[in-house]
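Each of the two complexes below includes subunit A, the first together with subunit B, the second together with subunit C.
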Partner chain A sequence: MIASNLPALQVVIPLLSAPLALMLRRGTHSWVLAQLVCIAALAISINLLQTVLATGPISYEMGGWAPPWGIEYYVDAVNAFVLLIVSGIGTIVMLAARTSVAKEIAGDKQSLFYTAYLLCLTGLLGITITGDAFNIFVFLEISSLSTYILISLGRDRRALTAAFQYLIMGTIGATFILIGVGMLYMSTGTLNILDLAERLQPLSDSRTVQAGFAFVAVGVSLKLALFPLHLWLPNAYAYAPSIASAFLAATATKVAVYVMLRFFFTVFGVDFSFEVMPLGIILAILAILAIFVGSAVAIFQDNVKRLLAYSSVAQIGYMILGISFATVTGLTAAILHLFNHALMKGGLFLALAAVFYRTGGVSVAHFRGLGKTMPWTMFAVVIGGLSLIGVPLTVGFVSKWYLVLGALELGYWWIALLVLAGSLLAVIYVWKLVEAAYFQTAEGDAASVREAPLSLLVPAWILIGANIYFGIDTSLTTGVARTAAASLLGIGG
Partner chain B sequence: MSTTLGLYNYWIVIFLMMVGFYVVIAHGNLIKKIVGLNIFQTSVFILYITMGKVADGAAPILDDSVTSYSNPLPHVLILTAIVVGVATTALALALIVRIKEEYGTIEEDEIHSQDESL
Partner chain C sequence: MLAATALSVVFMRDLFTIVMLFGIYSLLSAGFFVDMDAVDVALTEAAVGAGVTTMLMLGTLALTSRKEKAHRKPASMLPLAVVTITGLVLIYGTLDMPYLGDPEAPVHQHVAPRYIEQSYDEIGLPNIVTSVLASYRGFDTLGEVVVIFTAGLGVLTLLGLSGDSPHRARPAAMAHHLVLRVITRALIPLILIYALYIQFHGDYGPGGGFQAGVIFGAAIILYTLIFGLTKAERVIAPLFLRYMMGAGVLIFAGTGVLALLLGGNFLDYDYLAHDPLHGQHYGILAVEFGVGVTVTAVIISIFFNFTGRGDQPKEEER
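Here is the complex of A and B:
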């Protein structure tokens, strides 16, 4: 009974717990509830991934209405993997939340924070698991609205303007997706993703379908912060509470990339997206610009959260570059990087939460002397940074390896060179932190800063440790990513 | 039916969409931005409602004397989208109230002059 309803429970449990977290009122009580819910969601995701890998895709009829009329929840290797990323990161970040939230958010607003967090989790899991195009829009808005709340809870007043700016751009993006889905419905009369894919096959010359494709492409690109539509991201991540930054940086854009994969490969199909429409070249150019502009701007940031946010823009570029190849290796690199980047940025932002907890700020000046005063936190930042650069034995290396391999397979050796050049830029901005922490000394009160509490260090080190573990033992992640890539391209695998 | 007049709903949709989009981009007043955003979203509501209409179709209420019905599904979908739109507007207005409390203004350029990064 429960086992057969797992796909629904994946979304329903966090959704129903969100108002409960609000009613508990006390921050600590809400945290306990939220933590339990996250663990439940993680357990369900693990179970779903195992089932999918063992027995193939799961189709779940919501409310017993058969697709394509009813809403179908459809889980295959691709979204089972993304579900695992979202719920896994959600659980680990939540471990650190109690300490950090108690410091950064006023007592009466803490339960609101956990409510918004659970709603955001609901939305992200819902987008990933649903097999219905309109349902994607609804869950997208659930996650977006709760994200605006999470960001606006930041202590700096600029969090408010950042949230407002994101609200405007996010709503435009979601509305574009809505228009696109409307046009697809107009030409096919269906909203079910698999049904859409079948019915769109003979319609590749239809102007309506092509316009719908363009609207979806722009809308999704806004949500995943593809250069030059990334303007909302740096401020949103910089001024949100530390925990919200860690959760959003590691999951929100990943889910948007998944939506892009789903629409371009499953719904429209590779032939339409990359041959009828000139998607490959557009994505490749934007991705390379994102890598270079994002990294270059990151070098000049003084606020380290902003620095990492711009680095995210660049890292999203790597994922999109992999997608633009439209080959199994390229997609494997993109899906791998989804997972790997979630580990890096989750770990790094949690380490920043620890720095903020002790020093009260995250500008480069706050990092002075931290190599001595907060050795464990700083060591986590260094390893996370190495992973961002793509040094061997970290996950960053694995995804870049596949990306370069994908480029060489197609004979694009100059793209491979650009990927390597982009990594050099990452060296510069990571070095900025290392220099401040290890080669400069703290002055005044900052010299007496103590190491962060274990409740922050342990979650950060779980993610940083995973950076190394999955950098050495790559069989699990690459195996799943390759299966997912093959199923997206319609090659049995 | 000529495309110019026969598809007049779609012309209205495009007009409203562009007006809303322009207001969002061109105006610095936060309330006006939200008004623009609402107009933009409304155009999409009309797009969905229009596509549900079947020529000579009756309202989708089961009746023996009717053979052709309009499609009710887009209307249901757009009810959801309207709810989402209301929630977005409410949240945006709440944010504007907080911004006004913190900055004492709701003009984008004045906020920008108080804080460098926006």
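Here is the complex of A and C:
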């Protein structure tokens, strides 16, 4: 009985625990609850991924109503993989949360933080697992609202402005998605994703469908911070509490990329998206701009969280570039990079949380001399940075390898060159940190900084270690990513 | 009229007038929805848009100022361009739209017929909107309740937890107005009864948890306006509201889990009783109650937090 209800429980357990976390009122109690819930969600997502890989997609009828009348949960290789990313990162980041949150957030607001965290987890998992276009919107609202709360809990007063800015941009994005879904409903009379896909086939000339496509595309691009719609992201990541930055950077944009994959490939179908609509070329141009502008701006940042945020804009560019190829290799690269980038950014932001915990700030100046005083933390930053650049033996190399491969397959050798050039820009901004940490000495009080507590180091190193592990043993991740890519393109299962 | 109201909002500088115009806008939309035979939506729009939102905006005005600050920044062209393009795409999209009320439109051909023809046999309620909302697409509604819960959480986070604010000792705002006091005393019980009617009659007529929650909240807001926050918090303690907010979500999701434990899928009310129709009925009553509880708590809590911030009585508007 439990086994057959796992898809529902994946979302319902965090959903039910959020109000409980609010009622507990003590930060520590809420943290224990949140940690248990995260672990349960992770276990469920591992189980779901295994089931999907062994026996094919799972369909679950909410309320016992068959689709398209009721809401369906539909799990295939693509979203099972994303579920694993979200719940895995959620669990590991939560391990570090207690120490960091106790330092950064006032006592009476800690349980609010955990409640918002659980709601955000609920929203992200709900968006990912559902097979219903309107249900995506509902859970998008949950995750967005809770994200604004998480950001506004930052200690800096500018966190409020950042949250408000994101609120306006995010609401516009969500409204566009809603208008788009509304237009699709108007043309087909259904909201179920698989049913929509079937009924949209003969409608590719309908202007209502085309306009709906445009609205969904712009709305989702806003949510995933595709250049030039990324303006909300740097401030949001920079001023949020460290734990929130780590969780959001590693999961929120990934889920938005998943939604884009789902709409472009499953709902509209690759023929419509890339032949009727000129999507491929638009995405490719924006992606390359994102890589270069994002990396270039990152070089000039003084706040390291902002630096990593701009680097995220660039990394999202790599994912979108993979999507724009619309081939199995390109999509494999994009889906791989979802996972790999989550590992890198999760690990790096947790390391930043450790730096903030000890030095009270994350500007480049705070990094001076940390190579001596916080060797383990800085070593984690270095490995994470190497992975961002794409050095062999790290996950960053694997995803760029497939991306270059995908470009060459299509004969776009100049895109392959641009990808490599983008990596060089990453070398510069990572070097900035290394230089400060290892070749400059700290002054005054900063010289007596101690290594971060284990409760922060261990989670950071789990993610950083995963960067290396999955960089060497690529069979698991590439295997799943390839299956997922093939199923999105409708080739094989 | 809708367009005229919206335009005058844009050109108006007096924020108080703008708030009033927003209220009118909502009331007009509600009328529009009635015209389209969407009575449930109209009821919600009237209660939320014209009623509670206006109150909250007035509360904000009392905290800030009534006049918009004059700023002479050159108007940027970017927003105008974005709005124009969006509008053009919308118009482009409507070109192939089915005509309003066309029975051949896909919307009326695919999913809807089953809702209309079979929902009475499958669920046993005359109000199809309630059937779709609470059962066929009950999971969406659960999501919406969580959205409202999240909004309440956001207000708690930003405006501080109720209960630990330093100042609370304000004189009862308008208790010295005898006429207001008497009329309010007479009105509040009626409003509460009306809220309960909307809550439990939603299965048969327009209404349900969302609307009832708002109306219930409005009654408490009225009480607060007249008798002051201190007295209102004695009626409903802020801490109680915090539990109540979560309790609604728990009732709704708990109903779903109960169905799951009894052998069905999540939210499959058929399993709640021996007879599926009874099960559906219990399930819908329970989840609507959950919706009502959360909505009431969130609305009151938002209002308490807003008024709790102000030092001045802000009743001059009325």
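Operating definition for what follows: the second predicted complex is superposed on the first by the 492 of 493 C-alpha atoms of A that agree within 3 Å, B and C clash if a C-alpha of one lies under 4 Å from a C-alpha of the other, contacts with A are read in each partner's own complex, and residues count from 1 in each chain.
Please note the rule applied: contacts are C-beta pairs under 8 Å (C-beta built on N, C-alpha and C of every residue); 3 or more make two chains touch, one makes a residue touch a chain.
If you're wondering where the values come from, they're calculated on a predicted model, not measured in any experiment.
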Of the two partner chains, subunit B (first) and subunit C (second), which one does A:F292 touch, if any: first, second, both, or neither?
-> neither
Determine, under the contact definition given at the top, whether A:P19 touches first (subunit B), second (subunit C), both, or neither.
-> second
First (subunit B), second (subunit C), both or neither touched by A:F379 | neither
Does the superposition put A:N235 against subunit B (first), subunit C (second), both, or neither?
-> first
Touched partner set for A:W401, first subunit B, second subunit C, both or neither | neither
In the superposed arrangement, does A:S152 touch subunit B (first), subunit C (second), both or neither?
-> both
If you count the residues of subunit A that each partner touches, which comes out higher, subunit B or subunit C?
-> C
Is A:F164 touching the first partner subunit B, the second partner subunit C, both, or neither of them?
-> first
Where does A:Y438 make contact in the superposed view: on subunit B (first), on subunit C (second), on both, or on neither?
-> neither
Which partner does A:N5 contact after superposing on A: first (subunit B), second (subunit C), both, neither?
-> second
On subunit A, what residues does subunit B touch that subunit C touches as well?
-> 134, 138, 141, 145, 148-149, 152, 160, 179, 185-186
Hey, which residues of subunit A end up touching subunit B in the complex?
-> 134, 137-138, 141, 145, 148-149, 152, 157-158, 160-161, 163-165, 167-168, 171-172, 175, 178-179, 182, 185-186, 235, 238
As the complex stands, subunit B meets subunit A at residues 21, 24, 30, 33, 37, 40-41, 44, 47-48, 51, 74, 77, 80-81, 84, 87-88, 91-92, 95-96, 98-99, 102-103, 111, 115, 117-118
In the complex of these two chains, what residues of subunit A are touching subunit C?
-> 1, 5, 8-9, 12, 15-16, 18-20, 22-23, 60-65, 68-71, 108-109, 112, 115-116, 119, 122, 126, 132, 134-135, 138-139, 141-142, 145-146, 148-149, 152-153, 160, 179, 183, 185-191, 199, 206-212, 214-215
Subunit C residues within the subunit A interface of the complex | 89-90, 92-98, 105-112, 114-115, 135-140, 142-144, 146-147, 149-151, 153-154, 156-158, 161, 164, 242-243, 245-247, 249-250, 253-254, 256-257, 260, 263-270
